[in-house]
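In what comes next, subunit A is part of two complexes: it sits with subunit B in the first one and with subunit C in the second one.
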Partner chain A sequence: MNIKALLAEIAAAPPYAGLDRAIAVAILNDLFRKAGGTPLPDPAWDTQWRAIHAVLAHWASTTRFGESTVQQLRRTQKPEAGYRAFNEAVEALNEELILSNAFRREEILRHWAAAWGLAIEGETPAESKKRLETLDYRRTLKEFARAEESRKSEEAARLAALAAAQAAEEAARGWRE
Partner chain B sequence: MTEVYGPPNFTDWVDSAWREGIGVWGVSIELTPPLAWDPKDKDAFGGSEPLAFVNMETRQVVVNYSLLHEMNALHCLPAVLAHEVGHHIRFPHTLGLAARLELLMARILPGAPRMLLNLFFDLQVNEYVGHTHAASLQEVYRAFSRRAATDSPIFAFYLAIYEELWGLPPGDLGKHAPSLTMDATYPNWEIEARMFAQTFWSLPDSTLQFIYFCSIIARYLTGHEGKQGKMPMSGDLIRPTPDDYANALGGSRAVDNAIDEATKKGWLDAAKSGEIKSKDALAGLDRVLSGMPGNQAAPFRRAIVNKHYYRLVEEHLFRVPPMPNQRPPDAFIPSTTEDWEWGDSPSAIDWTASIRAAGAMAAAMPLQRTLLPDESDKKGHWMPHIEIWLDTSGSMPDPQTSVNAMTLAAQILAAAAIRKGGRVRAVIYSWGDPLISDWMQDEAKARDFLLNYSGGGTDYPFTLFKEHSLERKDTIHVVISDSDYLYNTKENKNYHWFMDALDRTEMYIALLQSADGYTQTALKKALEHPKFRLILVPNFTAFAKTASDLADTLFGVRR
Partner chain C sequence: MNSQVVDELDIVPEVRHTDPERLRWLVPEVSAATDRLLSFQPTDERAATASIAQHFASLRKALWTSPHMISRLRACGLSPDDLQGPDDLHHFPTLSRTEWGNAWRDLPIHPPEPLWVAVPSSGSTGAPVQVVKSAFDQVHMWAVLDFLIVRRQLTRSTQVALLCTLPSGMEYDAALPMFHEGHLHRISTQRARPWERLAALPNPILFTDPAGLHWLLAQSPLRPTLVLSSASHLSPSVRQASEAHFQCPVVDYYATTEVGAIAATCGEQRLHVLAPEVFVESIEGELVVSRLRSSAIPILRYRTGDSGRVAWISCRCGQNGWVIADFSGRHACWFTNPAGAQIDAWQLAWLFKHHALTDFRVTQDSTSQFTIELVGTAKPNLQEHLYEALFRMGWVSPSLSFHTCEAIPRSGSKASPFRTMVSPPSP
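The block that comes next holds the complex of A and B.
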């Protein structure tokens, strides 16, 4: 899967404007059929369905995302386990984030590739893993929460420093102007 | 330039790099090619050497080739030039936007250095230039931090953002001074940089991006940024004009929407966003003018404030004209009758007048009337002379630092009179010698004069009023003050000649902000005088509206 090329194609593709669940499921199931495997059965979709799947289905029908997936998807792949792993990995993402943020688009593509064991073109598995760790929004959010706590605890000192700087500047302005 | 760097065909090489730099932006524009930095200008940069910058006056790109050479980064010239061109043509999109954001910064982060605005636009420029020239930009930053390790938390954080943007290992671009214990002082700062990089460029508009930038970067401000040197290419933002700032002072829906959105996202707390929105716009000017030499700052401030007041005056005087097809026809009146001759328009014939004059021969000798413009209102046209007595005691703010409602009221009256062809004289008083203008017919001059301020106590200059009343008797005098005027009146020992002076006026109007029950008592005698009028303004915010209504009553400015 060529992530860079796919991202460029997604950026140039017609904008996503919602996709009916039944259509999206049909498009994603077709990927498994084309790869010679078995798609996720309907009852399983009831538990595995997420709104972001509709965005993936849109990309599958407007870019080479579907084709790249089919090329590497193994026939023996168990769809339910793959979707479960994928859904867990992308639980912090939603449609809005994916559509508005290039980093999140790259992340979801990489999570998709990781869930189905698809290789990323031009990268070793270790490099792909490292890049995914950097992009992992779930992890970033957890760590960022700690940064937020630190920031809040520093708030008073920061405001005092800024006020002192402003006061010093205003005092100097008396003779400058 | 005393030395030549780069290949032997230096000029061609710079020219080609310049074209490549412009080409990055995919536009076809003509800009003057870059000039070489003159080391003699070092003092203007506080002794430091900039890598490249835009001359604020000439808007000319200047490049420090010797520094690039020293940094072994001459081959990065196209990227450096693309960066500078980016400031010219895309970021900021307009200087009005730069002015708006600068004033917004003064409200979100009072005390923060102007350099932050430059860093903000650099983020936008570098992300774009990085699509094609990321490696060169990285080399420039690396080389710069090799020369001197940064001891500024802001710069350390700032470079970490680029490391995240370009997928570089932590610390690849910026070397920290050993004294800069980022991990200990700012725990989790690198993850914050990652989050920033993954959020900032996905935001839909510059104002929201800027608020997000301020909310995050605030953590790394120490209050000493001005003394910590500069990032390469960080002193290259063109300063907006006074017009840009004056427009920005008027506020914008885009800014208000961005503040609301940022509050919703938790980047500003609700209390702070309310405070930011309600802050007096002029209060942010101190930040704008900081770092500007005093002899430039004062006129720059005056120009901005003048235009801001002009806009406020217009809000109270200007009325949108009706659509052209709804415009009433110009006033015409029929002339006296005269003989109609061949060649004259048949529609000009007044048949009633013709028949009355010639009876059955009317058809042979018709009379005509022509329509002439009605100039009756121009004959004996009253030219208002208005003398405005403006109280600028310490109880009101300096109009240059905060909107002064009484100054604005005076400007509205002055503008209205001048637009009606009248003349205005202003007396600005508080304590001691008042400031007296000439009789003015120029609106801008009057507005500028009325921006003067004295402060201190209030002492209405009765003697001066008496002198002025002797000069001409067709003047409308308007005193703009508050309850201090009542105390001045009460203490006036020469009330009898004040009353005499009132006789010599067209009208004397006291426009006072006073809810004081004492008003009627203090002005009892004056109120008995037929030329004295009292207008009480309920609060300071109502001054402008009251002045506008008064102007309309006196001069019919809305008609």
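The block that comes next holds the complex of A and C.
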């Protein structure tokens, strides 16, 4: 999968304007059929469906994203496990993020590749893993939360120290007076 | 330098003025910055882009702890870790002066560090903004100076003179442990015997601005090792006259209070970007700067308001790198005096600096008629000082019309305080 070329194609493709769930499911299921495998059955889609799948289906029908996927998908791939892994990996992402942000688009493509074991052109598996770790927005959100907590606790400690210093000064003044 | 304590950020209260001796512990960091500048010698732009990407790590780390920047990036669905190098910059939002002014308390990294100060940026081109500076921010200029001396193969002098023409008359002497155990002498043209005291320094390095150069050109020649001019536009004619007068290199030094040093001219008069300390882009003709070194504020894509374009060159001075071409710092403006001479209007800028003004504009309506628009309150001596300055520049009886107003209408991101309605004389 040539990530750089795909991102360029996505940027140049017709903009996403929504896609009916049934059509999106059909497009994604076709990827598995073309690879000689078995698509995710309809009942499973009830639990696995996410709105971002419609964006992926749009890309599959307007760019070489679908073709890149089919070329490497194994016939024996278990779609339910793959979608479960993919959905968990992209839980921090949503339609708005991936449509507005090039890094989150790259991230979702890489999560897709990782979920199905697709190789990224021009990268070793270790390089692909490292790049995905850098982009992973779940990690970013955890870091945002940690940084905010750290700032709040430092601020609380600073205010407590100021209050203690002020109290000590007032106590000393009281002694002098 | 004027600075003030910012209690909200818990800045050590006893630091009320620049005291370089207190910053002695930064000598290794200053030396490391000089080494970074000297070591950045890529063979081509591709190598430079790859090399400078390594320096983005410091900026990334700082972005994580700036409350305002984190909030800003989060709103865009971005992470500091997305910024791996210059090729990623265009995905990130720019930072305007207005946004800086509104968010200055939340821009610095957290937690605060010892010896931070807050410095108001120049108010001569609009409302000043507060700029929080770390201890290293306050001394980084000495690394740049050392780099320029080595790059120009000059004999280093440890005496540094800062010649100031501001009406405040501030002077001081200070040890400079972070500049090879040198000494800094701030000398004011408003005090007694300034030229004599400058002349007593053996081959100093001289910092000044175009107003200071104009004053020096009217005095007997000095023999500095190097002259650096900053703060406002240095016209080619003044630079050439200065080089002939001092018989030493005169460097035009592009720096702002917000960012610090950005670029400096070489012997071929090319304005070289001080990579890898900063990375400069040109967006629709405006210079946008990201600061890559350690500092109190992680500056990411700050819109300077200055005009120019960035190009990669192999310069005849021997330095490959990014240069700023077609630089128009503060909208150069030339007044035509009664004798037909072109006079740099920015020579008047310093007269407005220490009045309680939030904005001003000087318009040459005709050869000897000027309109001065003021937003705020000027001291009574402004009119007298303007008359004196214009007289020195060749106007025998200028007519000055003062107007106080609520706001001065402007176009463009950086205010131009000078304009002329007088066409220059035909060549």
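Here is the rule we go by: the second predicted complex is superposed on the first by the 150 of 177 C-alpha atoms of A that agree within 3 Å, B and C clash if a C-alpha of one lies under 4 Å from a C-alpha of the other, contacts with A are read in each partner's own complex, and residues count from 1 in each chain.
Definition applied: contacts are C-beta pairs under 8 Å (C-beta built on N, C-alpha and C of every residue); 3 or more make two chains touch, one makes a residue touch a chain.
Everything numeric in this text was worked out from a predicted model, so none of it was measured.
K.L.:
Examine A:Phe103 and indicate which partner it touches, taking first as subunit B and second as subunit C; both and neither are also allowed.
P.N.:
A:Phe103: touches subunit B and subunit C.
K.L.:
If you stack the two complexes on chain A, which partner ends up touching A:Arg151: first (subunit B), second (subunit C), both, or neither?
P.N.:
both
K.L.:
Now for A:Glu143: first (subunit B), second (subunit C), both, or neither, which partner does it touch?
P.N.:
In the superposition, A:Glu143 touches subunit B and subunit C alike.
K.L.:
Would you sort A:Ala164 into first (subunit B), second (subunit C), both or neither based on which partner it touches?
P.N.:
After superposing on A, A:Ala164 lies in contact with subunit B but is clear of subunit C.
K.L.:
In the overlaid three-chain picture, which partner chain does A:Ala26 touch, first (subunit B) or second (subunit C), both, or neither?
P.N.:
neither
K.L.:
Check whether subunit B or subunit C contacts more residues of subunit A in the superposed model.
P.N.:
On the superposition, B touches more of the residues of subunit A.
K.L.:
Classify the contacts of A:Thr134 with the two partner chains as first (subunit B alone), second (subunit C alone), both, or neither.
P.N.:
It touches subunit B and subunit C both.
K.L.:
So which positions on subunit A get touched by both subunit B and subunit C?
P.N.:
Shared contact residues on subunit A: 100-104, 134-135, 137, 140, 143-144, 147, 150-151, 154, 158.
K.L.:
Going by the contact rule at the top, pick out the subunit A residues touching subunit B in the complex.
P.N.:
For subunit A paired with subunit B, touching residues are 100-104, 131, 134-135, 137, 140, 143-144, 146-147, 150-151, 154, 158, 161-166, 169-170, 173, 175-177.
K.L.:
Hey, which residues of subunit C end up touching subunit A in the complex?
P.N.:
10, 64-65, 67, 70, 74, 76-79, 81-82, 84, 88, 91, 110-111
K.L.:
Can you list the residues on subunit A that touch subunit C in the complex?
P.N.:
Within the complex, subunit A contacts subunit C at residues 96-97, 100-104, 134-135, 137, 140, 143-144, 147-148, 150-151, 154, 158.
K.L.:
Which positions of subunit B touch subunit A when the two form their complex?
P.N.:
Residues 109-112, 164, 167, 186-189, 191-192, 194-195, 197-199, 201-202, 204, 218-219, 221-224, 286, 289-290, 293-294, 297-298, 301.
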